Each structure stands twice: as structure tokens, then as C-alpha cells.
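In this document, chain identifiers A, B and C correspond to the written order of the chains, with residue numbering beginning at 1 in each.
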Amino acid sequence: MFFKPAILALFAGSLLTSGLLVGAAFFGAKILLHWNLHSGSELQLNLERRTYLISTLVAYAFAFQLLSFFLFIFTADHLHDFFAGAMCAAGSLNANSWGYPAVTLKVVNFLLAGLWLVVNYTDNKGYDYPLIRKKYVLLLAITPVILSETIAQANYFLHLEPEVITSCCGTLFTADAKGIASDIVAVPPLPMEIIFSASMAATLGSGFYFYRTGKAGYLFSFLTLLTFLIAIASLLSFISPYIYELPTHHCPFCLLQPEYHYIGYPIYLSILGGALAGMGAGVLMPFRAIASLNKSLPAIQKGLTIVTLIFYSSFTLMVVYQIIISNLKM
Amino acid sequence: MKTFIEKQRNILDFALASLLRRKGKNLALAAVYTLIVFGLGSAMFFTQALKKEAAIILKETPEIIVQKLVAGRHDLIPLSYADKIGKIRGVGAVQARLWGYYYDPGVRANYTLLVPEDYTLAEQSIAVGEGISRVRQVSKGSLLSFIRAHDGRYLHFRVTGVLSQESALLSSDLILISEPDFRRLFGIPGGYATDLTVQVLNKKEIPTIATKITQILPDSRPILRDEILRTYDAVFDWRAGILIVVLMGAALAFLIFAWDKAAGLSGEEKREIGILKAVGWETGDVIQLKFWEGLAVSLSSFLLGVILAYIHIFLASAPLFAPVIKGWSILYPDFRLTPFLSLYQIAILFFFTVVPYTVVTIVPSWRAATIDPDLVMRA
Amino acid sequence: MIELINIRKVFNAGKPNEHVAIDDVSLTIETHKVTVLKGPSGSGKTTLLSILGCMARPTAGRIMLQDREITSLPERFLTEIRRETFGFIFQQFNLLPGISVIENIMLPAYPNGERFSSLKRRAERLLSLFDLSPKAFAKIEWLSGGEAQRAAIARALVNDPGVIIADEPTAHLDTKLSREFMDIMARFKAEGKTILIASHDPIVHEARGVDRVIGMRDGKIIDAGAV
């Protein structure tokens, strides 16, 4: 099983990405130890040059992480033929206990890498590298998460046993099964729809407010994260059934299949992009007081807010459209 | 935002011009790159296409095949079993199949003999696959006298036709024969068949029915079509995987080569970057320059490699790979694979080639970008 | 106005081949004037020029540019300032071989992200200013010495800098071309630019229009020059 081309590719890809990030963290550690902006020594110059390397490494890792997330889901989807009882990625991921953790870690790492890039970009706008220490501490903190993902993914693939009968999303995501997924699904659609609409409206509203006045940034950022989680829950709860036109079909992965016009991709991209941008704006909030950033930081936050507003609105429009044209009435 | 786009355009412009300025080095790199993409791409396209063909073919096969086991080995199955199976609820038609292998010592090849279900051949007439017709130099109207029956007698057959080229993947080594001839050839008595095919009306019931068959006929072995499909998939994948692992050696050499090319800047290249930095480009700009250079090389090599792999597999029938993937056989079918390309395959190929190449060139690009402009002042 | 305060530049500090290129130099360069750094090779003129032009960072000391301290600015900011404020003319011209004259001239402005068409127009104007229009698409290798010099000057002007820095500009030129060069510099001064030249060529020191000649030796200023 391990020798399938896709799995080899993903494994190689994740090794490389982890390698990139571990390398970046390693270089970052040196910077933390010796950074002194006011010395014109050779060491300082070398460290400054090194910061370019690190941001390049993390930027590439971030891009690969996004690609590999979709490739991973796609592969899990393709693997479903090998597992009796699996009809899509949901089943394949459940074939051993590493599947879902691997996916979750992939998303988390994507968001973390993106946030680091936001902090890095902002730091570069300040003429005295104001965030340099915090930035590299953050990078060192992210490293173990990256490594866990590689381990989880490797273990998932190594422990795949095709003879094992796994659950199809039909049984995983039904109300009777145990686990948080089924708890979400067991909630009737109307309360979930209300929660979703309320949190989306609050997020968009606070986004506008923050954009206009620059106030309540923390609130906006928190709401972005909250709405992200609620949106995922909503996908499970009522959005998927509307798209599949089947009230018992709650799988979040079948959206990515061609039968549904690959609608999963724009949906996931918009919710991920919006979450990342919103959280990025929040992550920058503590640094508003820094002198060297006082012109650029608000502008960056505004840019990120607009991105969140656009992405979240697109998500909402797509979802509403799917619900309207759906033949299902719930 | 607009300045960002314009700046990338300008840098891209310069990047392409730079690549063209050092044609020799960059063409060598692109050639090796394309070769790697071609190799890996061919392996993947080939196995994917074969898997797809297998899937299409197997779709027509019966849901369950039932064989009788004696001492753990496949034995002839009595036709009475068919009646018992036919009584199970959910079972459609049950058919007896007659097929077997014949070893031809003259060409050291194994033929598959089959009694077709949908039509009857006249006695002493056979139809042969195109592999057999090639290897034994027979065609329509020829006489075959070398086939030896189970009791030592030589049987004579007249070839009434050669099976079509399109079906070569399945029928290359096939001989279609009439039932009486088959029984005479192999000594199979009237009440027995090689195996039984069982049609199941509701797909979901297949495992249940298979279980029931083993209950009422304990010495039988039901084989599910899905299991066959999965096994084929696994074998092809395994073979593809082995091929890829072998090619990894070449890929690794390529990566080392790429690293060397990226890191080994000639004195002139170093000077050029020094000049760029001296006139006002900063490290980040040079990194972007290297990025565009790398992307240009990657994308063009990738595209070319994929196109060549496509041509190799689907238009030229994979002359380089056929032996490894198709397996050992004297009778290679001469066939054309149905083109099958998916975004998924391209993505995987991308991960095997462009991603490692990009990663390997990150540090050399950065090293190049951090060249001190001071160098140029002192020259 | 550029001000250097107690600048010290040491190469390979702490190693056996440690070299003090600039030893405690304090200097103020006035705007709209032509200043010449004179001294033998190894006196530190070139190093001082690269520090003045924000191309290298000093080991110790401070640099003020229009009353703004730029000593420890990160490279990206320093480069931006350098691109906007300074135009460099190198001793070896350092034009990029393999690309045309007009592309060479446009090169320093690529990172600015301005529209290609407006950049091209500016470059064409500069070419005509220096009578190089017929050679716009020629390769650098085909230019004569004088044409290459004029191309190097045109390139230095593409971002319309306030300060022009030239390092041994007349080293590869004959007398006629050297005098032509100083005339061009005088023209720029009249247009309000600040000129900074490092040279040991007497034609340069004695050209009319030169406001101040600073003598250097062994990394120190030995003659602050009449202002």
C-alpha cells in the first residue's frame, strides 16, 4: 500500500516541507541568540541575510502545505476503493486512528505557517525589525506541530491495511454514531442555520467596524476563528445535505468529488483564506503600539480584514446559492 | 498591489532574458529535468491507464466466480452445484465456464483456451488471439496439428479467424474452442465445468450471497469481482511503486545536479548579481529573480516532460516500459492504451518533480541573492 | 546632506588578515556641490564611497542622511533609499553584458514596480540626452569607450537621484573623454545635483566646478579641503 505513487509523493512532500520548516527554525534559533541590530559586525550582517532565507523557506513550506492538504484529501478519496465500506475520503481516513489527526494537523499547520508569514511581512515593514525575536520564538513553537503532522501522516500511510473494514461517511456522520461529528450532525438543521447566520453576520459586521474605525480588532479576530469552526460544523450539519440533496449525507469530503462539480474546493479555500486573514489581523493587534510600525501595521490589518470580508462573503454566497438551488427542503 | 504586479513583470522579463543568456547550462538542466518528468510520468500514466482498462474490462465480468477446492487446490466443479446456487435468493443467472491452459513446448508459451458463452464454434474450428497468430505464424484458414490431447493423441484444428487487435490486451494468448473439442482435449467429463459464474441482482448483497454459497457448498470458493479489482489495482500500484523507487535513484542524481547548477555560480554570474545589487536591487528582489528563473525552467520542463510521456504511453504504446509493467510473457499483446489523464496524476507528478527541485534550489538561490555589492565596487 | 560621524570600517575583524579600511572619519558632504576624494589606492576612498552611498555598513560610527540616522537600517530600507537618492558610476562601468543598452539603463528601476512603458520612455529620453539613441538596442560589447561611459552615466540617472557617486570614472578614458566627463558633471551640478567623485586623476581634481577636494591616506582624512 505504501508504494502507491500518490502516497510516496505525499510522504516525500511532507518530509521536504518539514525539512524546510525545521531548517528555518534552526536558523531562527541562531538569530535569537545573537541578534544585535546596532552592531555593524559581520555576524549581524550574516544574520540579516539569513532572515531572507528563513522567510523564503517558510513561504514555500506554506504553499506546499496548502497543495498537500488538497492532495492528501484527494488521495484519501482515491483510497476508498481499497477499504470495504468506504465510499469517500471520510471512510479512508477512518481506516486507522491516524487519519483524522493527520488531516487536522495539516489544516492547523497551514494556518500557523500563514500566520507566521503575516507576522514576518509586518516585521519587514518596520525599519528596526521590531518583531524579530517574537517571530522566531513563534517559529520554534510551530516546529513540533509540523513534526507531529509528518509523523501522523507517515503513520497513517504505513498502517493502512486494505482488508480492514472501515466506516463509510454514511455511518461515521450519522446521528447514531459516537463522537463529536455525530453530535454536530444530530443537531437539527434550523438551530445550526441560525447559529451560522448569526456568527457570520457578527463577523462581517465587526469586520466592517474594524475596517472603518480600527477598533475592536481582537473581537473581530476572535469572531473570525469562531465562524471558521462554526462553518465547518455547518458544513457537516446542513450545508452538505443541501448540496448532496440527501438529508442523511453529511460527509464534508464528498464535496470534493467531480459529481458535485468540485464545489468543495472553492468552499474550503474561501473559508480557510478568510480564517487565516482574520486571525492574521488579530495576531498583529499586540504590536500596534510599536513606533516603527505605526504607519504600516494598520494598513496591513485593513488589507487582511478586506480579504476576510471578501472570502467569508463568497463562502456565504456560495452556500446560500447551493441551498436555494437545492431540490432538498429541510 | 499594482506596483507588485508590475515589479514581478519586470523581474520576470529579466529572468527570462537571463536564462536565455546562459543557454548551454540552462538547456542541460532543462533536458535532464524533462527526462525525469518523462520517466516518472510515463510510469504513472502507464499504470493508471492499465488500471483503468482493467476496471473497464472487469465491469463486464460476473459479480461472483465460484470454484471448487480439493485439498486446497482448484478442481473441476460439478454442474449440480449450479442448481443449488441458483436457488439462493438474490441470485440471477448461474453459468458454467469451461476454460484452461495449454502449454506449447514449441514456442514455450502458455495459451488460454476458452469455450465462448455467447456463440458456438463448429467442431474442429478455433479462433486464435493475435499473439498466437504471430508466434505460430497462423492466420484464417490455417491448419493447426500440434495440439496434443490429454491422452496423447494429436488433434487437428482449422483457424476460422484471428481475434481483433482492439481486444489484444485480453485475447492475445486466447484460443476459442467448441465445447466437445474442449472436453476431448482436456478429458473433462460431461457433468463438470472449470468454474461457475454467478450474477447477483443487488450489488449490496454480494458479500452475503458469497457467504451463503460457502455455507451450502463448503468445498467451494467464491471470488468477488471487487476483490479481483482490488488485487489488480494493488499489483499495478506495487509495480508502479517499484518502478518509481528505482527511478528515484535517477531523480536523486537530478536533484544533486540541480543543486550544483544552482549553487555553482560562475564568476560572471556572481558579478552580474553584484551589479544588480549595486544599482539598487535588494536581496529580496534577487530572490524573486531566482524564483522566476526556477519557475520558468520547472514549468517548461514539466510541461514538455508530461507531453512526451503522454506521447510515449498513449501514442507509441510505451516501448520502454512494457516489459516491466505487463509482466513476464512470451505473448506481449500489441495494443494501444486508451488515453487517460487526470489532474490528480499531474498533481502527484508535480509533487515528485517540481517540489523537490524547488526545495533543492532555495538555499543556492538565497546564497546567490546575498552576494555583497561591495564585490563589484572593488573589481 | 550626508554626514558621517566617527565612521570606522574594519574587514575580517578578529582574524589574522584584519584590515582597517576607514579609521575614525567624520565628514559632511554638502548638497549641490562637487566633492572629490583624492588619494592613492588603498587609502580607503572606495570604501568611504560605498559607505556614503549606503552600499556598505560601517563597523562603528553613525551616518545621517538629511538629518535621519540610517546607520542600522535593514538592507531593504537602505536599498530603497539608495535607489532613490544615489546614482552610481563605477570604475569598470559594470554594464551587464548580453542585454541591450536601453535595458541596462532601465535595470535599476525594475524593483520600483513602475509601469514598463513609462520607464521605457524615461530611458529613451536619457539616451537622447547622451546621444545614444541610435545605440539603444545595441549590445554593450559593441559600444566604444566613450559610449559605454555615457551609458553608465545614463543608467545612474534613471531614478533621478539627488546625488551622483563616481568611483575613478576617468581611469579608462583618454584626456578628451575625461574632460567631457567633468563637463557633464558640471552640468549636473548646475541642475542642482550633488556630485561625489573618488579619483587620483589630476584632470578631475583640477577641473573647474570642483568645490572641495578631500585628501585621504590609510583610511584617514589628511586634508579636509577648502570648502
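Definition applied: a contact is a pair of C-beta atoms (placed from the backbone, for glycine too) under 8 Å apart; a residue touches a chain by one contact, two chains touch by 3 or more.
Quick caveat, the model's predicted, so the values are computed rather than measured.
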Which chain has its C-alpha centre farthest away from the C-alpha centre of chain C? B
Check A-B against A-C and say which one is joined by more contacting C-beta pairs. A-B
Determine the centre-to-centre distance between chain B and chain C, using the mean Cα coordinates as centres, and give it in whole Å. 63
For chain A and chain B, what's the span in angstrom between their mean Cα positions? 35
Taking each chain's mean CA coordinate, chain A and chain C are separated, in whole Å, by 49
Can you list the residues of chain C that touch 2 or more other chains? 75-76
For chain B, what residues touch not just one other chain but two or more? 283-284
Contact footprint of chain C on chain B as seen in their complex: 2-7, 9-11, 13-14, 17, 21, 271-272, 275-285, 372-374, 376-379
Under the stated contact criterion, what part of chain A meets chain C in this complex? 37-38, 40-42, 45, 48, 124, 127-129
Which of the residues in chain B end up touching chain A in this complex? 43-44, 47, 226, 229-230, 233-234, 237-238, 240-242, 244-245, 283-284, 287, 344, 347-349, 351-352, 355-356, 358-359, 362-363, 365-366, 369-370
Tell me, which parts of chain A touch chain B in their complex? 1-6, 8-10, 12-13, 16, 19-20, 49, 52-53, 56-57, 60, 64, 67-68, 71, 74, 78, 81-82, 84, 162
Going by the contact rule set out above, which residues of chain C touch chain B in the complex? 46, 49-50, 55-56, 75-76, 79-80, 82-83, 88, 90-92, 94-96, 98-99, 103, 107-116, 119, 155, 159, 167
